[in-house]
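Labels for the chains are A, B, C, D, E and F, by order of writing; each one numbers its residues from 1.
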């Protein structure tokens, strides 16, 4: 098993050199979940209007955060992104969040997809925390990544 | 049960007025967890040196992100923060993340504590994703909040 | 008539000292307008659903931008904001934008309200530019300001 | 007439995929105008020195804002910019603002040019608001765009 | 001699709690110097016009950076600033930079004044690097601080 | 000797056009120094543990700042960076800071390397200012640049 790539032999953090990699299409999909109450899910649903401002605000927050991943995660490379989508699926006592990010650059976009998911979920928490202070974010992880040297990876 | 505070009667998002609230000490503690493999935890432990750059980088990322919560979460108020701590506890196959934020302002700091936890956890994911692409963030929620009109709240 | 306050006697820009001012409630309202075509207004209306993502996205953009005014306008003070609202009114060939910002600080919030209006309008332009590249922003100005030493000011 | 490109069939906002587009030279020019009083224009002119800090500050603000367009306008792509200019022309009771932005990327730079114009104009408003609280921004729109699939577009 | 305040007993970085401190007027002055060639200083002087865009741009950059100190320096508190000035004095082969920052908050503003000086100096380097790639920044330090528990401190 | 490239014939600042340049590997190394006391250096050394949070925090700050150079230095181009390293060497009464930045773009990365050095040094000042308010940053300059039209440049 390889060492932690972001820390050199002396244990010091660095932004690893990706300059020798070939630019190319890379796509990553990440998912996560807000666990809350059935009542809160109903409020987010907005009487059947899933396109109300509550979800729209969280979607925009996730999209905007994906673009700023490199400002938040210290060793991420600043990269151009060519596509970002954030989707919600309302369950009984939870909201599933799914984000997909693509680029045409020298490094992958898993962190960007994960950042979109977590900030969208945080925004939902902010919306519901007055009615459900115990709301929790769970299951945030990469679902699939395509492209780059390692090719396709999918969560089992 | 009250309505979603961040959305008005017409369903439109707004940043609610906190100008009438009294400034005062508010403290929030949040927690979360990176679920990964025993091997990855060993690498983060750095041969017994829990203060290596890996955890330090994630701690700094969490602290810096807490200060930028209002840039990320659309309806959060921009507020001064008087204290931020981020702590890690290495388990067998997981890393527990805990953050505490305090302020002397007109609104609470739960979102700031949650943002510190999630960005610290995202930074750990970034560090370990080459060796464990299936790493997952779970259990992100408020643990305790003190101060403000609602006073003390604690997760059961 | 007084001199330009942001430039000193030598003609040099500076961020003027507001430290001697009393903190207090200040509210500013600004307005502006997107001039476009009747067809575009229909699309934004979304078949009667004024709460679709198009307007919600522009509203969120305006709210978020207001908080970052001091990052954009070089001589604006970084200040806490206690309230931000952004509203749209769909006309025949235009969309009226109106923003209100309040704080409890040592300086006014006109620039924050104006920034909310302009960035919300820019976001609408971004949405409609593929169908109306000639869309134009007009009439961006302060409507009313309340509080501070100068008290109430209203556009005639 | 095509639909709004930034909103999908379900009415949800997304950052559209530009990954399939060819990179290439794109140039956009935008314009706008600060309407104020003859006295204010004289102050900005600075006794004949059009290069005083007032206009220089607004120019720098516009240039810096153009680079941050993707942080402000939610569905804009983060892109590298290869050129930004901001110019002012002092009229009798107005200041004309004109910006030109170029890139070598997969999407156009109209929004960047418009952001440069509006933030430069907002900075002028900030400078003059103490002497002319009724100052207004008008006529903000794209003047010309060159490059990309749609080729040349010019405002009539 | 006290320990490093930003690192706890376990050697972990944290943003120290200033919530118990009294808000009050604090002023800090910092200075620094760009060492370059006589020819470069002449160019910056702009044929006798010290108010040309070169120095104005660097001044604006310093002022804007001071406001973002807490985004750059990880353990700095986000604070409101009530005043920022940046001044240049052209020497024979150097440009002296001096910044003053004031606030009415719970912690000092030395880091803000130092950030203003360094970013103003970096901007000058950017301006002159094509003609003097060996330009160097020297002597960046606090000159004086007033206010707070420690009261007046002056460099000898 | 050429004119200041960032100011046009009329003395106005602009972000120069690099669109005609060829993309290619560019690497820049910059250095600087924190001058402080022997006691402070010992504290930073952390009883022999040079990898304690103090230096790790400054290293992360430098890396993150390099990525934001274009937000700080007004006329710098926003560019992707492929590598960033920041290193410290503890002397008797000083800490040497060295940063290396690489990209594959149309313009050089000297400013990014210099920004990494200065923000890392500012973070050290922040850490030590309570024990050494007279700490000073000196000798900040480019050490070497490789690539681009001008090819190799090295400080004598």
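Everything below uses one rule, namely that a residue touches a chain if its C-beta (ideal position, glycine included) is under 8 Å from a C-beta of that chain, and two chains touch if they have at least 3 such contacts.
By chain, UniProt protein names: A, B, C, D, E, F = Cyclic pyranopterin monophosphate synthase.
Source: prediction; values computed, not measured.
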| item | value |
| --- | --- |
| Chain of greatest Cα-centre distance to chain B | D |
| For chain E placed onto chain F, the superposition rotation in degrees, Cα atoms, nearest 5 | 180 |
| Rounded Å distance between chain B and chain F, as computed from the means of their C-alpha atoms | 30 |
| Inter-centroid spacing, chain F versus chain C (mean Cα positions, whole Å) | 36 |
| Chain F, residues touching no fewer than two other chains | 11-13, 49, 51-53, 56-57, 59-61, 64, 68, 71, 74-75, 80 |
| Pairwise chain contacts, counting only pairs that touch as defined | A-B, A-C, A-D, A-F, B-C, B-E, B-F, C-D, C-E, D-E, D-F, E-F |
| Touching residues (chain side chain B, partner chain C) in the complex | 10-19, 70-71, 74-75, 77-80, 105-106 |
| Interface residues, chain E side, partner chain C - complex | 25, 51, 56, 59-60, 63-64, 67-68, 80-87, 102-104 |
| In the complex, chain A residues that touch chain B | 1-7, 11-13, 32, 39, 43-44, 46, 49, 52-54, 56-57, 60-61, 64-65, 68, 71-76, 110-111, 114-115, 118-119, 121-123, 125-131, 133-142, 145, 153, 155-156 |
| Complex contacts: residues of chain D adjacent to chain E | 49, 51-53, 56-57, 59-61, 64 |
